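Two complexes come next, and they have one chain in common, subunit A, joined by subunit B in the first and subunit C in the second.
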Partner chain A sequence: MKLEKGVITNTQLIYLILSFLESMVISINFSYGISKQDTWIAVLAAFVITIPIMLGYTAIAKSYPGKNLIQINDEALGPYVGKLFSALYIWFLFELMIHYAYFFNSFWITYIMTETPRLVFVAIFILVSAFAVWSGIETIARCSVIFTIIVSITVVFVISLLLKDMKIVHFLPILDLTPKDFIQSVHIILTIQFCDLIAFLMIFPYTKNNKAIRKPMLLALCLSTLMLLIVVLVNTAVMGVRITNTTSVSFAITREIDIGNVLTRLDVLVALTLLATVFMKVSVFYYTTVLGLAQLLGLRSYKPLIVPIGLIAIAISANLYPSDMEQVYAGRNIWPFNAMLFEIILPLITLITIALRNLFKDTGGENE
Partner chain B sequence: MFNYIQKVIRYRKMTSSGGSGAKESPEAPKESSDELSEDLEANIQLIQGIIVESNDLNIRRFVIGKKVKAAIIYIDGLVDKTLVNETILKPLMYHSEMDSPPETVDIDYVESELLFVGGIDSKQKVNEAVNKILSGDTVFLMDGAAKALIIALRGWKMRGIEEPETEATVRGPREGFTETLRINTSMIRRKIKNPNLKFETLTVGDRTKTDVCIAYITDLAKPELIEEVKRRLNKIKTEAVLESGYIEQYIEDAPYSIFATVGNSEKPDKVAAKLLDGRVAIIIDGTPFVLTVPCVFIESFQSPEDYYSRFAFTSALRMIRFTAFFISILAPAIYVALSTFHQELIPTQLILSMAAAHEGVPFPSLVEATIMLLFFEILREAGVRLPRPIGQAVSIVGALVIGEAAVTAGLIGAPMVIVIAVTAVSSFTIPAQLDSGTIIRIVLLILAGFLGGFGIAIGMFALLIHMVNLESFGTPYLMPIAPFDKSGLKDSFIRAPLWTMLKRPKGMSMDDVKQKKPSGPPPFNEN
Partner chain C sequence: MRINKRLYKIAICFLVIALLSGCGTSRELNELGIVIGVGIDKEEESDAVKITTQVVKPGQVSSGGKGGGGGEEAYANFEETGRTVFAAIRGIANKSSRKMYFPHNQVIIIGQNAAKDGVTKYLDFFMRDPETRLNVYLLVAKDTAAEVLETKSKLERVPGNSISLMLDSEANAASQAIDIRLRDFKESLQLKTVASVAPIIEVSEENGKKTATLNGTAVFKGDKMVGTLDKSEGRGLMWVLGKVKSGIIEVECSNGNLVALETVRAKGEFSSELVDGKVKIKVKISEEGNIGEDAGTEDISTLDEVAFLEQQNADVIKSEVMAAVKKAEELDADIFGFGESVHRKYPKEWTSMEDKWDEIFPTIEVEVEVEAKLRLMGRINAPSVPQ
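After this line comes the complex of A and B, so read on.
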């Protein structure tokens, strides 16, 4: 039985992935401190590594068209191991959701409304997100179109206002970092930025043409990498080595904008745009979490899970880290390894199992 | 679990309404299914038994050709008396003697030879005849005939065709719908001389028996849409339909939403344009407001005049309207958010003068803005309902009070007056969203007062999700924007030249048929 009746078109899927990945503009901040002005190289390297991983994800989805990750696990790995894998994936998606909910508001609390309790932001944010999840994947996908457009316009607008502040010299010296730092930076970008897309294995079956998902996925990946690259380049060109001083660069550079003493301090504008991107991300993770859990528990609808999951998420997310510095430490040193398990190792096992199954099926056919 | 709770709630509702169920199932007028008999007096008795003694009911008994007794029954004031005398009474009483009548004068002979009227129908059921009498038709009964002739000679005093007050135009037809259904349909028919234009009439309202007419073009409107409209109209259980608003509230998709998912218009040209897009119009007797479904958000920003003027200026106007809409819902909220939370966004010079203006004001900006908005809404309401001269006086007094005196007295800061004035003027740019805009504005204002920019953003997200979620008769409410439709964008934020708009709005009509053959660049431009 299908838990989600909505169907999204493949074009909407592109927009959904785009708006999902746009929040990279914030999460790239973990890398600046490590790879400094060479972050753009790390982005390119991570992109190159991402492509085979994405092909792996789409291969998993394609071998069971019309099935979501939980169903694929059940079929590929058997009922017991499959259920275990599914539970792990769901936990991971939930973890991502609460981390992003924390992430956005730590940024908001640090820079804009310093005296408001974190709980207020998290609670309201998850509440509206729950509304989106309640409305289903179609609504989220339709919203993503608008969010993508808004974010793109803001990026272009901010970049054009910053043109006069950019200096090529800020990129120098190029590749002035140890291989360890470079690998760490690539690793962070890979696991935190790109491979979050594992969540889309839950969404692919609800696309109209769920056999042709590779093209929209790669297209969206390329476009969003392009955007990320532009943002990183602009950030570096404006900030230079100062890029390591702040925890939110895209936000900090808009403070540099000063056009004729009229357009100044546009940081709130950027903050709102970033809010939109994180909103999409949290909504997608929220949605996939409740959908996966409903699938795992064999419910008829995922809607009864929205409120309890949301409440748990609010409670955890409001108290996730004692301070933002610890969050940055965790983001740089712990999270990439945690995420690697779910984003690379588990899918790899699934993929190998599927391949073996196909192999045995073929040979079995010959023997008969 | 939720299903169980829902069931319990539903059960409670059912049992609680059972007590006051009398209102739910109103006593319908006696639906007599009696057939007419061959006895004239018995038939008249039957009809008099249904229609209570009322002095506008007119029963005129007479004799045809000195042989057969007959009678006509009509409601005084609903029929054209001259015509009744000329075309029914005169031929029946006078001509019938001059000609050489056949041996037996029966009702078929009367119908085919004697009556000088175009619209004649015959009914056998008493209650059908009674309904026709009440609608303004004249009923002819005669001895020896077990049926009644329904003679359409309606005629009553009505308002002439005037220019509608709600949708004034500079360029374009000036006529507006009136209160009479037939005239309204004729006005649409005159715009669209197409054999496929179809009108279908239903009766809604147990007591009022209001005629509700569905209009559509058979090869443009989707059959599912027509079926859905009919299904919803037939499901209406109400005593009275006095205005199209009644119907609107019974058939709309999202009755709890602040957005209207049923459009209305007083202008035949607008309704004709919507029919040509594949929409369905619902014309209700007794009101000049014609409903059109499906209705999407973008329609609020389109005016028929857009298509009559040239495209560059119209496109600019469209963008002005969108800007005005956003100003009207966001301006007070943004002002409050800026002055309370994000002062750094305001240029230094401006914030200094704003601070100076706010110096002696005793309230925080949120309270200030709320008072001003409330006062504005009161003024507007007062101005609308009062007779025009008094209404103007109220507006002037109100405007003076809030504009001048409140500032001089130091109750309200001058910038706030500007913000509210801009908001108010902007909100009048899009009359169709006036009601929803008011609610959004106040909610966003409160959110901004408590959470600043974050509150506004969250409010807008929630609004967006809600709007994306809405559907009007199967068409998504934000149609050309989300889900995204490239060809639909030609008629949204801009209005592309007419010859480039070859397709009907997506998701509404039968298919994406070409509206007309691509005529290339405009004529007279070939060299």
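After this line comes the complex of A and C, so read on.
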């Protein structure tokens, strides 16, 4: 029984991961206030830590080729524990989806549509995502190609217009922060930015060559870290110390573009680009949530779940936090620990179980 | 059928445009009160803040050509007091038919009283609100900001616009008043030891007509205004920061006649050094200029004379810089950001110096090195007298 009949190529997988990770450009805002001008070092550190974790994820996927996370859980951990793990993962993916919807909504109603109620924006946003999910993984992957190109062009465009406003001294002094702050910042970047790639354990089986996923995954990870690094460097070079109390830095710097009083006020262009990146992120989480749930419940198709899950997501996401202040507090202090359970501890248990099973299988073979 | 479906899709795409403004954020041009200038004054007797907003009258601006003088003004000033800036700005809604619209605001003028009271609380709104922009110019009024915004410009139809254009052209012609945008000011406010500066604008009277004039630079310590720099000290500051774009320097040539030299290009930078725990600042300025005017009758294009003039030029620049340094040390306000440069270069030593910087700053040694060059002599190479 296969719930998704679509197949994506491994090149499309690279684009999908890239566009999925590009929304880091706005979620990195949690870190600026903590690691200040050294955020770029924190990004590098988080990237280094991410690599073994990614190898772990791909090791899980590779030991059961053609199976998604839910099926792997069933096989590796047995029907009961496996189902429990699967339910937890699905909850986590759903949580990520509503958090990103809320998070982006906050940005949008702070800067662009100040008088629009949260519910209206979230409802339309989830609706469009639902349409993408309905069309299946092939459509989402094809979208990602277009969005990745648009986002890359925008980034290059914005950077070239800001060249004259950048100051190298804004990076100095390097590593002028306490170890605790640095670790906290790395932790945030690791859990919020990179490790939600665990969602791709649901998508790997639908790639054309699902044994060779390690290479595209690492390539996409490197490319998106490079982009994030460039964005962070530019933001710091332009903003300097102001970076610590600006709520949406990547957007705020585009408001400072001023080329001879002619090329100015380009902020809405960038806002639309950010919209595209978050749309990809929410669509992927939405898709993996309904797919996983359908798998868990043994349905023949995931499509009947799209509307109910979407409605629940709209209802929760519109009322997720009482205030943005609380959301920032949670993003900095609570969410990284919550996410660690799903992104590091649970996969680690799965991985160890798989390793032990293999070990016993081998020794069992010898005994016979 | 097929074409119908396609038309249907295209129609939907156009309908989506209606959603772009969101709910209730849609505002038409004829409903906006486009703010060009904002004045912030603190009331003498109470703690209330008086906000003056200058709004353009679109009809009057567009009909600028006909009539030629007289007629109605192209702007309207609204004043309102409140305990906070935002409350005062919203209070203007009781007086104006249009809602204030800030994205095109060009200047924020802070009255003397408000500047001395501390500006962070008055500027917070302009940094927080989603509509306001950080590239607006910031000025300090010698008296009240309301008075400056009332002063009609001789050339422009809207005073706020005139002030912003004046700052632009002043920076390119004289470089005696520093042009500061809100984003630069915000940065210096957030750096602990850096003292913020802003140009001063005053209302002067010539032949019974009032004119808004740029005169000097205000120096802030923390967020409170503590003193002023005069024009040459202001340029001294700009030499160090590398912000001088052009300017006229008057020097005496070897026989005592005045010569005006025009600065065409200038670069300024400084570096800090710690020698036996004492801070030493090295300022390096390189300037290129032309001979702009010779008020005497002698030919000054001889090589010896040029070398002499270059030396004189460098001396004037150096004295302007030293005057600025002396004033800054008197006020104990680190307007150049020397402390920040020490912080960047010596982060470890800085931890012990940071809190004592007020005591250290007046005692630091500043060494100025100026390299001035003369490049062009203009269309004549000697004064037009019988040689």
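Following the convention adopted for this analysis, the second predicted complex is superposed on the first by the 368 of 368 C-alpha atoms of A that agree within 3 Å, B and C clash if a C-alpha of one lies under 4 Å from a C-alpha of the other, contacts with A are read in each partner's own complex, and residues count from 1 in each chain.
Keep in mind that, in the parts below, contacts are C-beta pairs under 8 Å (C-beta built on N, C-alpha and C of every residue); 3 or more make two chains touch, one makes a residue touch a chain.
If you're wondering where the values come from, they're calculated on a predicted model, not measured in any experiment.
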Superposed on subunit A, are subunit B and subunit C clashing or fitting side by side? clash
Pick one for A:F125: touches subunit B only (first), subunit C only (second), both, or neither. first
So, A:P173: does it touch subunit B (first), subunit C (second), both, or neither? second
Is A:F279 touching anything from subunit B or subunit C once the two structures are fitted on A? First, second, both or neither. first
Subunit B versus subunit C as contact partner of A:T9, first or second or both or neither: first
If we overlay the two complexes on their shared chain A, which of subunit B and subunit C does A:R214 touch? Say first, second, both or neither. neither
Considering only touches as defined above, state whether A:T110 meets subunit B (first), subunit C (second), both or neither. second
Touching partner for A:R357 - first (subunit B), second (subunit C), both, neither: neither
Between subunit B and subunit C, pick out the one touching the greater number of residues of subunit A. B
Figure out whether A:C143 sits in contact with subunit B (first) or subunit C (second), or with both, or with neither. first
Out of 6-14, 78-86 or 186-194, where does subunit C collide with subunit B after the chain A superposition? 6-14
List the residues of subunit A that touch subunit B in one complex and subunit C in the other. 112-113, 116, 120-121, 124, 265
List of subunit C residues in touch with subunit A within their complex: 19, 21-25, 103, 130-131, 133-135, 183, 186-187, 190-191, 341, 343-345, 347, 350
Complex contact set, residues of subunit A against subunit B: 9, 11-12, 15, 108, 112-113, 116, 120-121, 124-125, 128, 131-132, 135, 139, 142-143, 145-146, 261-262, 264-269, 271-272, 275-276, 279, 303-304
Per the contact definition, I'd like the list of subunit B residues that touch subunit A in the complex. 1-2, 341-342, 344-345, 347-349, 451-458, 461-462, 464-466, 468-469, 476, 478, 481-484
Within their complex, subunit A touches subunit C through residues 110-117, 120-121, 124, 169, 172-173, 176, 240-242, 244-245, 252, 255-256, 258, 265
